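Heads up, the thing below is written out as structure tokens.
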Amino acid sequence: MKGLEVFEEVQRLVVVAAHPDDLESICGGTISMLTRRGVKVFSVNCTLGDIGTQDATTLRQSLAIARLTETDDAARILGIERTYNLGHHDGELLPDLELRAQIARLYRITQADTLLTFDAYWTGQIHPDHRAAGQAALDAYMPSKMPLYRPEQLNESEASLGCLERVFLFSTSREPDIYVDVTEVYDTKLAACIAHRSQFPKGEESLEWMKERDQDAGEVIEVTYAEKLKQMAVW
Amino acid sequence: MKGLEVFEEVQRLVVVAAHPDDLESICGGTISMLTRRGVKVFSVNCTLGDIGTQDATTLRQSLAIARLTETDDAARILGIERTYNLGHHDGELLPDLELRAQIARLYRITQADTLLTFDAYWTGQIHPDHRAAGQAALDAYMPSKMPLYRPEQLNESEASLGCLERVFLFSTSREPDIYVDVTEVYDTKLAACIAHRSQFPKGEESLEWMKERDQDAGEVIEVTYAEKLKQMAVW
Amino acid sequence: MKGLEVFEEVQRLVVVAAHPDDLESICGGTISMLTRRGVKVFSVNCTLGDIGTQDATTLRQSLAIARLTETDDAARILGIERTYNLGHHDGELLPDLELRAQIARLYRITQADTLLTFDAYWTGQIHPDHRAAGQAALDAYMPSKMPLYRPEQLNESEASLGCLERVFLFSTSREPDIYVDVTEVYDTKLAACIAHRSQFPKGEESLEWMKERDQDAGEVIEVTYAEKLKQMAVW
Amino acid sequence: MKGLEVFEEVQRLVVVAAHPDDLESICGGTISMLTRRGVKVFSVNCTLGDIGTQDATTLRQSLAIARLTETDDAARILGIERTYNLGHHDGELLPDLELRAQIARLYRITQADTLLTFDAYWTGQIHPDHRAAGQAALDAYMPSKMPLYRPEQLNESEASLGCLERVFLFSTSREPDIYVDVTEVYDTKLAACIAHRSQFPKGEESLEWMKERDQDAGEVIEVTYAEKLKQMAVW
Amino acid sequence: MKGLEVFEEVQRLVVVAAHPDDLESICGGTISMLTRRGVKVFSVNCTLGDIGTQDATTLRQSLAIARLTETDDAARILGIERTYNLGHHDGELLPDLELRAQIARLYRITQADTLLTFDAYWTGQIHPDHRAAGQAALDAYMPSKMPLYRPEQLNESEASLGCLERVFLFSTSREPDIYVDVTEVYDTKLAACIAHRSQFPKGEESLEWMKERDQDAGEVIEVTYAEKLKQMAVW
Amino acid sequence: MKGLEVFEEVQRLVVVAAHPDDLESICGGTISMLTRRGVKVFSVNCTLGDIGTQDATTLRQSLAIARLTETDDAARILGIERTYNLGHHDGELLPDLELRAQIARLYRITQADTLLTFDAYWTGQIHPDHRAAGQAALDAYMPSKMPLYRPEQLNESEASLGCLERVFLFSTSREPDIYVDVTEVYDTKLAACIAHRSQFPKGEESLEWMKERDQDAGEVIEVTYAEKLKQMAVW
């Protein structure tokens, strides 16, 4: 069983998620540990999370604004370098050529060496946005490294050719083989989640399900809290 | 090994299939047993089944009409509450946002608590329409429960917020763990299939393949005929 | 463990790949052995391979032209009957209805009885074009056999109804059960690959990775070089 | 003011309309006079006319079938060589690349020398399908004459390169300069319209608006009934 | 030359515009006069107006929110019954089937008898969103009156079949023949425009161009301020 | 009647055409006169011109390559600063959001103050690509000047906010009011056209139609050769 050491050579990490709060609740502990070790982390959310409420009177645009602010608050807590939102609508994300190009552009701008995203092939994935985000993130890997793919992206002043070398997946049904012990930063993880006030209005009380899940993972490696990942072989 | 008892709490069931006759030949026995127990069943076919013939002189629109009638005939035999056809063309179904919205709308109108559909991840699935129907049905699950997703659907007089709680899959490569003994209603299943005259012009003789398949499933639980299903965990 | 005998009844084989050089490097040995035995082989590449370079000053259209020529050179070496290129852009292939129809048309024109293509469900597939090609090839199987699907294709002078009976997959994560011993034709395979000068400018030296992979497969059946395939059940 | 003589050199005429009954009610008289003179006329309707009713209980597919039959009945009355229906849905026709290709294919199959269609630029056109049909018919003119445009169409046994030389428009706001005296065939025109029973259930009584319009045109050239057209210069 | 009397029989008017502030600055005076006479007016903006600034640091979602509020403020000043925003992005509006359906739905919900919108055929129109809004508004006219067009819209509790009878256009190059004297309500028009603070930060000073344009129109009919319209014949 | 003086304040001009050779044959004389006066001219062709032959055996990609070279040869003759080709396929250009964005990007990169393009509203335009190019060029005008429209374009090192101030149209049915006397540079215009060897294989002999057209325009202002344009008011 492997742990945080799989990230040893990582210097710049990009996380591609679907909604504000995915990163925080799924791998917020791992991210916090990495930023403390000096890794530069970039967060990409594909959608605005703008249907994320059960209150039918909410205005979608207002919810989007609120969640953009919450994302930045959480990013500060976790030590994230910069956050990007691709502006798609929640519940309607598609892994199309446009999304692929948007993500490839950020691989080129962030110069990340490592990708962390949803496993698009988890057969238990019920949320279509999660699948779409993971698929598009994977589909952008190859083209981002080819100079003739969307060459205008390479004219942007910050951009260079994509240089990803490693891919890690979360929310996977493939046997996870990486368990990161996040016990020491769990308060930070909780604080980052709680920053998403629109989603967890009762604070830690709204996050019992997450603590249970992370405790279950912790039991496997005999610690209090853990997060599970899987490395994907790439070429 | 589980059986019909997995449906114990089901009151309103929606079946999302691709073609007229999918429901009947795959799970017609289970449906018949459920309607006899008082479950309200709604049948959704995504396509018109309008290339379903080897006779090149058939007019596609005429075939569509004939199959709509056959579907209603079969539904009466099985005790189905109401049938819907989404009007897409056979052999060209795509799991796009439009299909997702059409299906979400019916989850909201039927107020089904349970979904039964194709497993979109069966790696042995050779028919693209089956995969598309299963994928769109799954992709509609989450959004249908969110009030800000396509809110105009909630203005329709019959509609309320989606309330699906359970998902069952057929045509799956995941180890099926539900075998429903359909021996006692097998004549009804056969009659429902035979109602699809355009597909099974020789009646029961055209359905030997189905009987063999259902007998094979029956052997597993030592009954004459059975149908196989798999429950998917949802949240 | 099965071998070349699985192709015993094959008379006309269509290979659907994504880029010029996929066929050659993945199954060039098997193809060479089949054409020597009199099988007619048709090669379909979905994309032009027009981002296949690390030289940013290359003109995409020039690269496309060069690779079309290389494909024909390699085809002569392998004894391939005819090559088709569907003209899509490299890195942006989508398994949409248009691609499906293009491929179905070629099933009808080549009158192939057997399909060989990428496994669209390999969860380790990092190249989106490979997945798209395999998916569209599979999705075209069913409709190509139905006379009412895109009936204008059947008006073309060479075309008849599709008649595929067998599907084999490469680049698969499902346990491969076919290992073809290609030792005796390995020089031919190498020559066909080297014909792709734009991809392997240093000839055999650029192909060490391929030789290693094929040696690893060879070890399983105790020969020098082998290629791995999987048969998919169809109906 | 010109009249029927503008069609003197026409041998094969293709009419591109939007709905069954457009051709009949707009230029049915002209068509009848041309077929009597030996011109081969081909009728293309882009949509099924499947929302053409105020009865909300009608099934769209049934209406489509009925109108296909009515079209053929009317065609027999007018002496039309062959009718084509492109199968699009009424009220949702778009002048996209697919429609353009469908129409170009028919220019190539019918080998028409002359096109008659809606003026896409009539600023008083309130029906979007009329505009779309006229636009696509015009947009298909050029490509149909180029051998590298959709070359697979030219493989069809009946097809050759498009050879349109003349374009005439109806429903135009440009000053019409052709008035065809259709008095002598007006009974035939009426009969062809009345064949569209689903649209004109009371026969001639349902067609008073058409007779008035054609009488107004007739007054311009001092005959009882006339139809107005405009020739468009092409190159 | 006609004036306000062309609206004599109007009871329910729907205005389809592209951006928040189009209605106010183009026909705010006419609208104010109509609401004072008891006409119910419904305002539909197709886009969020979310690129409507020269300040590159503005967040698009924040601008959208601000403009929704400004729209409602202006609506109160003009006496508008209700405002709708279709949520499309500024600068990227397309007159596609989706937009057509959205607008048709509002014709059915508002039960408007009269439409006021952009002339899609103004050859001097440089703003693509204006053209798209006018085109889609026109294209929705016919289908909204047909019960088989998007029939699920008619299930909404407020909706009935579309009943538009009149169409008026603004921003037209066709000779305008209606000049509405808006002198007596010009202060109200100005106030409604000024409510769009994000667009006219200096209040009336930012609106000199509008006053000049309305004075020019006023000169034609010898009043201080006028607005120009054109009626389109429909059937 | 106005002439070349309308370009007096122009410093950077962008021409948006559909095919290689459009610019040269329509306004090559005007362009030559402007570059001699020191105006920087940028040429944008939307399509590759890759169906521009009657020889069915030509490979589309080879034709595209040849025409790119011809374009550069002609540009050198006319003194054009730089040529761009947007890579779309001939006969299938659509004025969609993608084309709009591609063109807006070039307005931002070239920093052109003036646009010259096809009149998208010429009701006599039979070539759909001409209409599409003119429409997209016009549709890109507004958004290119807004910083929140496709803001990533502004990150490219050469780009700034669009600054177009004037629009001129060719191939128009609106009364042209600008006639440019191009007699003194007509040899240059001819040479630029002849550089398109694939289109005018017999040199000047293949261009008689152009000389006639330009002589007709010349007659209006009593010179040997002229080119006709129309200015469009913009805001």
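Each chain gets a letter, A, B, C, D, E and F, in the order it is written, and its residues are counted from 1.
Convention: a residue touches a chain if its C-beta (ideal position, glycine included) is under 8 Å from a C-beta of that chain, and two chains touch if they have at least 3 such contacts.
Every value quoted in this text rests on a predicted model; they were computed, and no experiment measured them.
Enquirer: Touching chain A and chain F alike: which chains?
Expert: For chain A paired with chain F, the chains in contact with each are C, E, in label order.
Enquirer: More C-beta contacts across C-F or across D-E?
Expert: Comparing C-F with D-E, the pair joined by more C-beta contacts is D-E.
Enquirer: So chain A and chain B: same face meeting same face, with over half the numbers shared, or different?
Expert: different
Enquirer: Rounding to the nearest 5 degrees, give the angle of the rotation that lays the CA atoms of chain E over those of chain F.
Expert: The C-alpha superposition of chain E onto chain F needs 120 degrees.
Enquirer: Provide the C-alpha centroid distance between chain C and chain D, rounded to the nearest whole angstrom.
Expert: 46
Enquirer: Could you give the separation in Å between the centres of chain A and chain D, each centre being the mean of its C-alpha atoms?
Expert: The answer is 56 Å.
Enquirer: Of all the residues in chain C, which ones touch at least 2 other chains?
Expert: Expected reply: 60, 121.
Enquirer: Write out all the pairs of touching chains, ordered by chain label.
Expert: Result of the pairwise touch check is A-B, A-C, A-E, A-F, B-C, B-D, B-E, C-D, C-F, D-E, D-F, E-F.
Enquirer: Can you name the residues of chain F that touch chain E in the complex?
Expert: 96-97, 100, 121, 138-139, 141-143, 146-149, 151, 154, 167, 174, 232-235
Enquirer: Give every residue of chain F touching chain D within the complex, in rising order.
Expert: 50-56, 58, 60, 63, 90-92, 94, 121, 123-124, 126-128
Enquirer: Taking the touch rule as given, give the residues of chain A at its contact with chain F in the complex, in rising order.
Expert: Chain A residues touching chain F: 105, 152-153, 155-159.
Enquirer: Could you list, by residue number, the parts of chain F that touch chain C in their complex?
Expert: Chain F residues touching chain C: 48, 59-62, 64-65, 68, 87.
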